[in-house]
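Chains: A, B and C, in written order; residue numbering restarts at 1 for each.
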Amino acid sequence: MYTLHWIYFIIMAIGALYFYLLSRNPSGVPRYEYVIAIFIPCWSGTAYMSIALGQGFLEMNERTIYFARYLDWVVTTPLLLLALSLTAMFYKKQKDKAIIGSLIGADVFMILTGLIADFSEGAQKYIWYSLGVIALVIILYIIWYPLRQIATTSSEELGKHYTRTALYLTLFWIAYPTVWLLGPSGLGLTQSIVDLLAFIILPIFSKVGFSILDLAGLRRLGL
Amino acid sequence: MYTLHWIYFIIMAIGALYFYLLSRNPSGVPRYEYVIAIFIPCWSGTAYMSIALGQGFLEMNERTIYFARYLDWVVTTPLLLLALSLTAMFYKKQKDKAIIGSLIGADVFMILTGLIADFSEGAQKYIWYSLGVIALVIILYIIWYPLRQIATTSSEELGKHYTRTALYLTLFWIAYPTVWLLGPSGLGLTQSIVDLLAFIILPIFSKVGFSILDLAGLRRLGL
Amino acid sequence: MYTLHWIYFIIMAIGALYFYLLSRNPSGVPRYEYVIAIFIPCWSGTAYMSIALGQGFLEMNERTIYFARYLDWVVTTPLLLLALSLTAMFYKKQKDKAIIGSLIGADVFMILTGLIADFSEGAQKYIWYSLGVIALVIILYIIWYPLRQIATTSSEELGKHYTRTALYLTLFWIAYPTVWLLGPSGLGLTQSIVDLLAFIILPIFSKVGFSILDLAGLRRLGL
C-alpha cells in the first residue's frame, strides 16, 4: 500500500517536470496555463506522500478514512476547472467571472460535502453524498452549456478542442463518486484494495492526462 | 430545534431558486451578482442542515457551541460585502481592489475572532469579542465613507439605492454581535431557545432579504 | 514569555497605525499597497496575542508547538510576496498573474509543509521540512529571475529599489528555516528561549521593517 503511494508520488513529480519543460517553449499558450498544470501534480503528489508516510489517514470505526484525498481535491479540482474555463475563454480578453466563480463555488462545496460524508454514518452519509452529487450535476451543466457555448462561438477549432477536453474530464469525474460509493467510504461493496488502486489510477488520468490533452490542444491553436 | 433548522434549510433553498429564476432575465445586472445571491443561501442552508442532522455543534462545558454558524459566516459574510461593494461600483469599469480587499480582510478576521471567542472562557472570551467588534466598526466605516462616496458620486439614483441597502445591512449586522453577547456564547442572559430563534430569523433577513433588496434596486437601475 | 508576546502585539499595532497614517497621503502609491501593509501586522499581532493569552500553542511530546505561528505565516507571507510582486510590476497596467500565482502557491505549500513537519517526528519531520525548503528555493528563484527582470526592464530606479527590497526579504526569509531547524521544532540545538526570541525579533523586521523599506521606495518613485 505504501509502495503504491510512493509510485504515485513519483509519477506526479515526473508530470510536473514535464509541464515545466513544456513551459520553456510556451508556443503562444499563456504562462498561467502551465503554472496550473505544474502546481496540480505537485500538490497532489504531496498529499499522497502524506499517506505513504502513514500520516494522511485515520482509522475510525473499523474503517480507514483517507482525509488527505480531500486535501488534494479541494485544491486540485478547482484548478482543473479553472484550466478548463480558461481553455474555453482562450480568445476572450475579459474572462467571465460569473462562470469561473460558479464552477469553483460548486466544486469546493462538492468536495467538502464528500469529506463530511466520509466521516458520517448511516443516513447522514447519504444526505451529504447526495448534496455532493447535485453540485457535480451543476458543474457538468455549466461545463456543457454556458461554457461550451463560449468555446464554440469563439472558433470552430477551439470548440472541437474544448468538447474533446470536456468529455475527457466528464468521464473521469463521474468515476470518482462511483468508486467512492461502491468502496469502503460508501456501501462497502468493493474491497479496500480496489478502492485504493482506483484512487491511484484515476487521478493520474484526470490530472496529468487531462493537462497533457489540454495543453497539447492549446499549443496547436496557439501556434 | 431540529425542525427549525430544517425550515431554515427549506427557506434558503427557495431563496436560491428564486434568485436563479431572476437570473434567467438579468435586466442589465451583471450575472455575477446573481451567482453571489444564489450561492449565499445554498452555503448557509447546508451549514444549518449540518445542525439539523446533529453534526454542526459541540457540547462543551455545559454549553452548546454551534460551530457550523461560523462556517456559514466565514463564507457568506465576505460574499455579502462583495455584493455591496459591487453595487457601489456598479458604473465603474475598474473595481476598487483596495476597498474590496479591506472589507473582506476585516470580515474574515471578525468571524475568526468570534469563533475563538465562542471557544474561550472568561477574560479571553471578551478580548476576542472586542477585537471582532473593532473589525466590525472598521467594516461599517468603510461602508459608510469611502464606499458610499463611490456610489453617490456615480449617480444620484445609485447613491440612493446604495444608502438604503447599506442601512439595511448595518442594522442587521449590528444585531449579530448583540444577540451573541446576550446569549449563551456571551453573558448568557437570554435563554438558548431565544438565541437559536434569533440565529434562524436574522440570517433570513440579512441574506435572502438583503439580496432581494439589492437586486431589485440594481434591476431598476439596469433597465 | 507572555510579556514578550504582548510587546510584539503592541509593536505590530504601532506598525499598522503608522502605515494607516502614511496612507492618508499616498504620494502616488496605489492604496492597495497600504492596505496590505496595514493588514499584515494586524493579523500577525493577533496571532501572537493568542500565544500571549495561552491559547496559540500545544504541549506535545515534551515540546511546545506554536501553531499560531503558522496561522500567522499562512496569511502574511503570501501578502508579503504579493507586495513584492506589485512593487516589481509598479509600472505595469496588467499584473502578471502567472508569477503572482506561482509565488503564492509555492508559499502556502511551504508553510503547510512546515506545519506538518512541526507536528511530525523523526524521518517524517525532515521529509516535510525538505519539501518546504524546495518551495523556498523556488520562491527565491522567481523573485531573483523572472520578477527581478520585470522590475529592471521597467525603469532603472525601480530596478534598484526592487533589488534592495528583494535582498532584504531574502536574508530574513532564509533566517526562518535556519532558526526553525536549530530550535525545538527541528534538531533542538538551541534553547527554547532563543527560539522564542528569534521568532519575536525576525518578524518585526520581515514584516514592519519590510513594508517601511518597500513603501518608502515606492513613495520616492511615485512622487
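The rule is short, and it goes like this: a contact is a pair of C-beta atoms (placed from the backbone, for glycine too) under 8 Å apart; a residue touches a chain by one contact, two chains touch by 3 or more.
All figures in this text were calculated on a predicted structure; none of them were measured in a lab.
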- Query: How would you label the chain A and chain C contact, same or different, if same means the shared numbers make up over half of all numbers there?
  - Reply: different
- Note on the structure: Cα superposition of chain B onto its copy chain C, rotation angle rounded to the nearest 5 degrees, comes out at 120
- Distance from the mean Cα position of chain C to that of chain A, given in whole angstrom: 31
- Item | Where chain A touches two or more other chains, by residue | none
- Note on the structure: In their shared complex, chain C is touched by residues of chain B numbered 97-98, 101-102, 105, 109, 113, 116, 120, 124, 127, 131
- Query: Hey, which residues of chain B end up touching chain A in the complex?
  - Reply: 30-32, 34-36, 39, 42-43, 46, 49-50, 53-55
